[in-house]
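Per-chain residue numbering starts at 1, and chain names A, B, C and D are given in the order in which the chains are listed.
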Amino acid sequence: MRPYQCIVRDISEGGLDPGAALEFVSDPGFGGIALFVGRVRNVNHGRVVTGISYDMFVPLAMHGFAEIAERVGRDFGQQVKLYIGHAKGRLGLGDLAMVVAAGTPHRDEAFRACRQVVEAVKHTSPIWKQEHYEDGDSAWSEGCSLCGHASSEDGHAGHGH
Amino acid sequence: MRPYQCIVRDISEGGLDPGAALEFVSDPGFGGIALFVGRVRNVNHGRVVTGISYDMFVPLAMHGFAEIAERVGRDFGQQVKLYIGHAKGRLGLGDLAMVVAAGTPHRDEAFRACRQVVEAVKHTSPIWKQEHYEDGDSAWSEGCSLCGHASSEDGHAGHGH
Amino acid sequence: MKVAIKLFGAFRDHEPSGQVTLEIADGARVADLRQALAAFAAAHWPRFRPGLLEYSAFASETAVLRETEPVPANGHVAILPPVSGG
Amino acid sequence: MKVAIKLFGAFRDHEPSGQVTLEIADGARVADLRQALAAFAAAHWPRFRPGLLEYSAFASETAVLRETEPVPANGHVAILPPVSGG
């Protein structure tokens, strides 16, 4: 069985499930599991948000999730299981946009692997966020250009988004 | 309502619940939630483990959890909700020893707050781990001495346990 | 050759169908396709800001494409504005 | 005064009841209690290694106690070997 699972969930078919992520990355040999959940919040840059639509190029996103997982697996010597889930469609407040989990023998690797996956997904996956505001306006978020670093998917923790 | 919840769960009364942790630290204003789960694994320092007994000085542990939460709350400007749960009693393989969650507006703070709490609990809470091995032997784990740093609860990420 | 370009994110605001089809020379490279899309946008999308295309990448279903690569022979690509997932 | 000392972790191996009660002078400090417990251990716990006590801290239900502090007036303390939670 592959040590990673990648999911794109259309919100109209139900939300992402952190419990399924925890279960997938659990292993008798693993003492540490780190999980990240990204949720739609009610404000961004001072504007009141009512929801977010996620647009996604699904085949490339799934391909990229698998590449991210394989690279993190190599970095951590295969002693890691990973779950990468992202929602698409129109999400309301509190809905889960992203669920990432990493299971490893010890906690330090779990935290680092989880963070590495989250940053890579945020900075390299073909996913676009359109925020909807209470005044009926909406706007596509500023993002990371994929030009010129087609082979680099590491992302940078210092990015603003 | 206080922005943190601290739980000591006797394993005989049921396990820790990561879902409850996620729910507690959720907030309409929070976009990022980081969760850590510590599980009993089947091997340590090369010996096959069959279970772990956690001994705990509960009143001091609960007092310490609250202090840790309050300090992390101050460090992150109150824009954080925290959940700290630890099991006591005899745990079997795969049982959850520890569940920590942090919810914050953005993901970087969530990861850092969660990690800070985990390290502080591991290095300063009056909790003792006795490993049971398949040959019937058992041993108390090496730990962090609380002597001489009664007022320092930060812990160090580089510690071996 | 005909190239079907899938549109994402802010590009959809200009073409709600989410796709445009352009005719380009056989053997054209990604850089040529970029020029063709820029010309199409200038002609058809009155509110389009050219800066968006500059920061956008072309991709197949499995990889981001470099400017010097030939356009995929199956004639299917996507144009990816700066990404903002998570 | 009588002081009830709760035992945790490896200390329990020597006293399964998890508690010892020692008589110390009124006004004694934590360092005095440490000496008294060391003497008790040497007399009663054949397999006890003194190093464990050196690395252990006394505590009340709300705080780790410094060596120079007086023993709590309520006569209840705990001895905490190096901790290993999580």
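Side notes on the structure shown:
The rule is short, and it goes like this: a residue touches a chain if its C-beta (ideal position, glycine included) is under 8 Å from a C-beta of that chain, and two chains touch if they have at least 3 such contacts.
In this text the structure is predicted, and so the values were computed from the model without any measurement.
Compared with chain B, the chain whose C-alpha mean position is the greatest distance off is C.
The distance from the centre of chain A to the centre of chain D, with each centre set as the mean of the Cα atoms, comes to 49 Å. Mean C-alpha positions place chain A and chain C at a centre distance of 25 Å.
In chain B, the residues that reach two or more other chains under the touch definition are 38, 107, 118.
Touching of two or more other chains is recorded for residues 86 of chain C. Remark: the chains found to touch one another pair up as A-B, A-C, B-D. Only residues 6, 8-10, 12-13, 54-57, 59-66, 78, 80-86 of chain D touch chain B when the two sit together in their complex. In the complex of the two chains, the chain A residues touching chain C come out as 38, 54-57, 59-60, 63, 86, 97-98, 118, 121-130, 140-147, 150, 161. Chain B meets chain A in the complex at residues 18-19, 22, 26, 28-43, 93-94, 105, 107-108, 110-111, 114-115, 118, 157.
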